[in-house]
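We just call them A, B, C, D, E, F and G in the order they show up, numbering each chain from 1.
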Amino acid sequence: MDPTRPIDALNNARNKKVIIELKNGRQYVGVLRAFDIHINCVLENAEEREKGEVTRKMGIIFIRGDTITILTTE
Amino acid sequence: MDPTRPIDALNNARNKKVIIELKNGRQYVGVLRAFDIHINCVLENAEEREKGEVTRKMGIIFIRGDTITILTTE
Amino acid sequence: MDPTRPIDALNNARNKKVIIELKNGRQYVGVLRAFDIHINCVLENAEEREKGEVTRKMGIIFIRGDTITILTTE
Amino acid sequence: MDPTRPIDALNNARNKKVIIELKNGRQYVGVLRAFDIHINCVLENAEEREKGEVTRKMGIIFIRGDTITILTTE
Amino acid sequence: MDPTRPIDALNNARNKKVIIELKNGRQYVGVLRAFDIHINCVLENAEEREKGEVTRKMGIIFIRGDTITILTTE
Amino acid sequence: MDPTRPIDALNNARNKKVIIELKNGRQYVGVLRAFDIHINCVLENAEEREKGEVTRKMGIIFIRGDTITILTTE
Amino acid sequence: MDPTRPIDALNNARNKKVIIELKNGRQYVGVLRAFDIHINCVLENAEEREKGEVTRKMGIIFIRGDTITILTTE
């Protein structure tokens, strides 16, 4: 269960609710459906938050990996 | 139907209306006609929006992948 | 005629008048003569615009791909 | 014990409490569980600090390597 | 004479007077003596201009490609 | 003794006290224990300085190469 | 004597006094002892200048290539 590679931690988070934060300060919260080695990610039932406020609700969102700072489970 | 790779989510969005957001804050809305592994994208019947306002209408637009933060369906 | 790869859309735009926008906010308008996989582009009969105003006229201009955000036809 | 490659220093820090600092000024403190050659890192029992204040507590956090400036042991 | 690749346009500009503009807003004007696939360039009899004013005269100048936005002939 | 490659200069600095400066303006001073081709570096007995003031003392610090501007011996 | 590749111009500058300018606006002046294809450079008898003022004197300095904008001979 202990991840030995960072990508294992993403595998453990698949199909769970995660928070992804971007370099521009925005947060996207949703169920992690897919990711790749560039850390491009796809969230389902996503919502966008800015400064703690929900600013938008989205179905599926694709996030480009190079804009991501951190990913954590809620 | 469930994407296992992020690129699958883009494939599912092909020929649908999508919103692409750039690092500079602009949004482009249009029908996703093409994309590649760099996430370079082509939209048709595109319009540019800034802060929710439509600022321009365009036919075909090529968007360089490394300027993109997120892509979602409308 | 329908592009299946983004590079096809650039091929369709070759020898046509295009608008290229850069990360620094400038626009270059001219006839697209060449491009490569880095999206380095060459325009002919180019003019530079800033905030809608023509600021310079140029013959041939080489634009480095990594400074480009979007390319569209006029 | 003396690291001869930087990656050895990360190996020595595995399963120890570390501080990771990001380009955006945030600090993440937690137990280093995983890292890779891109310096993507996974911390467990993590907390986020901004200007010395704990701003959030998290279980597992994935940090994208290209946002990291330094990593040190507490 | 018509460039089919952007690098051809640079070849056509070799040994001619060119203007190179950088991401930091500076211009370098001089005779293009060399360039490579990274768009690293060497100018001879170069002068630096900022906001239209000549700020320095230089013999040979090496410009790192990734700082360049555009190159045009004077 | 004369370095013919930049990496030789780093080899000469190994196990000596060096100053590393980052893009964010911070300085790290310590004994250079390890580095790699990305210029990722490890310092021992490190201290952080900001505007000439010592702001923190650290044991071992890993510095990500792409945040470094210069490295010099004290 | 005429450089046909940019790297030739650097070879011609080896063991001569050069000025290197960084993206952060600083200048480093010294004898160019080494460089590589990333344009990582090593200067000897170096001094740092900011806005024309000498701010520091250094023996050997390693400069990371991706922070460099231009290099010229004094």
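Rule of thumb we're sticking to: a contact is a pair of C-beta atoms (placed from the backbone, for glycine too) under 8 Å apart; a residue touches a chain by one contact, two chains touch by 3 or more.
As the structure is a computational prediction, the values presented were derived from the model and not from experiment.
The minimum number of touch steps separating subunit B from subunit F is 3. Subunit G is reached from subunit E by a rotation of 50°, derived from superposing Cα atoms (nearest 5).
Distance from the subunit C centre to the subunit F centre is 42 Å, each centre being the mean of its Cα atoms. With each centre defined as the average position of its C-alpha atoms, the distance from subunit A to subunit C rounds to 33 Å. In subunit A, the residues that reach two or more other chains under the touch definition are 66. A single ring links the chains, and its order as traced from subunit E towards subunit G is E, G, F, D, A, B, C. If you check the complex, the residues on subunit D that touch subunit F are 2-10, 12-13, 23, 39, 65-66, 68-73. Of all residues in subunit A, only 22, 24, 26, 28, 33-36, 40-42, 46, 58-64, 66-67 touch subunit B in the complex they form.
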